[in-house]
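The letters A, B and C name the chains in turn, as written, and every chain counts its residues from 1.
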């Protein structure tokens, strides 16, 4: 048995139990994701999708189980430490600093790598061209789709190896939704592992290398995105027929 | 591990306060210790001194009950207890002090009444002006008219008032009292404090709780400034004394007996308050109040009454503070606006409540009496310690101590009260006798 | 004209002086609020502490400033700022941080800060006594009388040396704060945390560092405000609650969590106070002849007597809470 680093998953979760305070919302979730993959978590409301993302990012208590980043245990590390280790997180709501300008928002993303700011700003502006002309405007004045770009741009500024996205297309028009999914694929192609929670399950699974269907805080189905889309059980129970 | 026992989210239902049926060991031990302490004070300091201390402690217990329902029942923090206490003391003075013929026998009451009527009329005019937009006046013009009218009329009325009050001061000294029994003043004091509390609460209770603290702190200083500088009404720094007691005074019965009689009156008042609060706490009203405190969001889902309930509890607490202030003022037999200090009348009460157990009436009373005894006893102790330090310093280091050491020594008590507050918040946030909340499950 | 000079001396200059002091105090309160979300009641006593440190140092080295041609107190101000900043950080570590770690409601922190207020008051008065003392120990307070080149004007514009220092230092402090918040990485992180603490942490910002920086800034500004106040009048250890109300009113008027709003609020409250105690009779008297005969102006036309000065910030506070609780500049939190 020779394990090389390339076979170590970027992110691995084993039997994770956790939630707010003593109450568990997650009752044993397993996950593994490699650096070249897009992972998508889907499931009904209250299944613990966002909770799992927050547990990975150290925002709530993991009462049992392990979470490993590149093979190293990371649970119960504060989120700013996880950023140092290459994790990026884009929350669903309140995902920008409303009174800071777009440029300042992006700069905050590179807070730990101040020497990168200039180079990364150029990359992010090239990636999200609509942000260029808005760069001196407070982020609170932008539209929902533009905010999502700022939020993703902010997370990318730190050059993460793993990006966690919490419902990046929630509340966006279909046009913006496709735009965001395209961007997600591009980011992944550039070598960033992606794990996202999505309500728009079909579209998300279509771009997913791995899909995790959660229900009641546990894995229900885990397979490639295409396989899950093709599975009649998944379709019937979780994709609305 | 079964989740149902310890994962019950307290946010969902108001906590049930049915007391556990158990022998109250903690209460018995604490009150037993308190009794021993009281007896020790009696032995050391004599009956007259100790009874005075107990009466004052009882008055503070009323203040503390007022604060415990605001802070303990409802989570509202009142940083201006002093102001409400001073209002109570003022009313006790105004109602019980003998009638001043030098004032009432002249044309001055009529003139004062006339100015007050002008003030009322001016207020009505300004309020009317703010409604002008209903007659079709543009809103901006209405605001302008209202503000200009308010400024001009205010200046007119305040000038007239300054005239008449300086005449009163020159001719009659001050307006004097009404010569009524002291308890009428206590009741009116409670009502007045409640009224001021209503106004403050009306403005602040819908906002962050910090704002209530700031506003009450401010109103307390304003009430004090008003009482201190309105010489025509309160004799200001010249103070008013004696204030007649509702019971036979020391001249008739001697110190100990008269004070004991007064103590029994206060004890009855406390017993009545205690009984009524106990009833209210366990009534649906009390449950609702605690539900609001424990989870505003889910309580808000019950309807928009939340601010009304909060206002009720705040006003009720202020009434108790006014009442207690009145009883305390009459007992001191002296009305001295400068004697009202944030330390003695706000923070001391705060320590009593958070140390005794916010929301627990029995704990609050325990805290009031215990803290007051420590407070009273700390004064000679602080002076003694300071003298010790000074004498050691002078003899060993040839230190030339400043001559105001005594007043500085008393500042050490400020330090101790501050430390008590922070330490209790950190290490015993529920107090010595916590509010009893039984969890089902 | 003489009346106008009187107005300038008693309202324009006095209002600017009070306004500057309130503004610097209110910036600290508002910064603390925007980062830690509680009203810091011990702020006025931090100001007193800063001034007391200056007094202490000036008493120890009374002649130090003479060689440089400035009052010793001014020379000692940076040291006092440092000490007060250390005190603020220490207080946070000892008293507020454990409460925050327990996840208490903000109002409990308010009560904790009242406890700290009392401790500071007790300590300062234990050592400094309760009387007023001048910060000019060895130096002399210069008073400048600027004659106005107009016909028939006898009264000069009067401004004192500490008042000039006060305006200069206020300006420097405000510009420095502006540059810090908008240009420096740490300052931007502070604004970010005030906007959204969770997202700030998710960006890798160490929120503990930001909290400490906030206390350093608030403590230093408190030392400046306290010292400038004590230089202008005298060092008084018992001003606490009288300073607290106008400072909070200024912060709330400006919109809590809004540093520029706090500056504006400070001047609003400062000028409102001086305008309210100003005797308007002085300005109206020259026009007495043009009034109808039946209108006799009372000799005292001030809105409130100086003894009721504290009513003014309270009135402003209540008015703003009733009509616009977010403040003039739309503060973050109600």
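Please note the rule applied: a residue touches a chain if its C-beta (ideal position, glycine included) is under 8 Å from a C-beta of that chain, and two chains touch if they have at least 3 such contacts.
Please read all numbers here as calculations on a predicted model, not as lab measurements.
Asks: Just grab the chain with the largest centre-to-centre distance to chain A, centres being mean Cα coordinates.
Replies: Here the answer is chain B, farthest from chain A.
Asks: What pair of chains has the most C-beta pairs in contact?
Replies: Chains joined by the most C-beta contact pairs: B-C.
Asks: Chain A to chain C: how many Å between their CA centres?
Replies: Chain centroid spacing, chain A to chain C, equals 46 Å.
Asks: So, what's the distance in Å between the C-alpha centres of chain B and chain A?
Replies: 54
Asks: Measure off the straight-line distance from the CA centroid of chain B to the CA centroid of chain C, and report it in whole Å.
Replies: Computed from C-alpha means, the inter-chain centre distance equals 29 Å.
Asks: Find every residue in chain A that makes contact with two or more other chains and list them.
Replies: Not one residue in chain A touches at least two other chains.
Asks: Chain C touches which residues of chain A in the complex?
Replies: 57, 59, 78-80, 83-84, 89, 91, 94-100, 104-105, 107-109, 111-112, 114, 154, 158
Asks: Provide the residue numbers of chain B that touch chain C in the complex, in ascending order.
Replies: Touch residues, chain B against chain C: 75, 77, 79, 154-155, 158-159, 162-163, 203-204, 207-211, 213-215, 217-219, 221-222, 225-226, 228-229, 342-343, 347, 350, 354, 402, 404, 407-408, 411-422, 425-426, 429.
Asks: Going by the contact rule set out above, which residues of chain C touch chain B in the complex?
Replies: Per the touch definition, chain C meets chain B at residues 38-39, 41, 95, 98-99, 102, 104-108, 110-112, 114-123, 125-126, 129-131, 241-242, 244-245, 248, 252, 280, 298, 300-301, 303, 305, 307-308, 310-311, 313-314, 317-318, 321-322, 325, 333-334.
Asks: Show which residues of chain C lie in contact with chain A when the two form their complex.
Replies: 185, 188-189, 191-192, 194-196, 198-207
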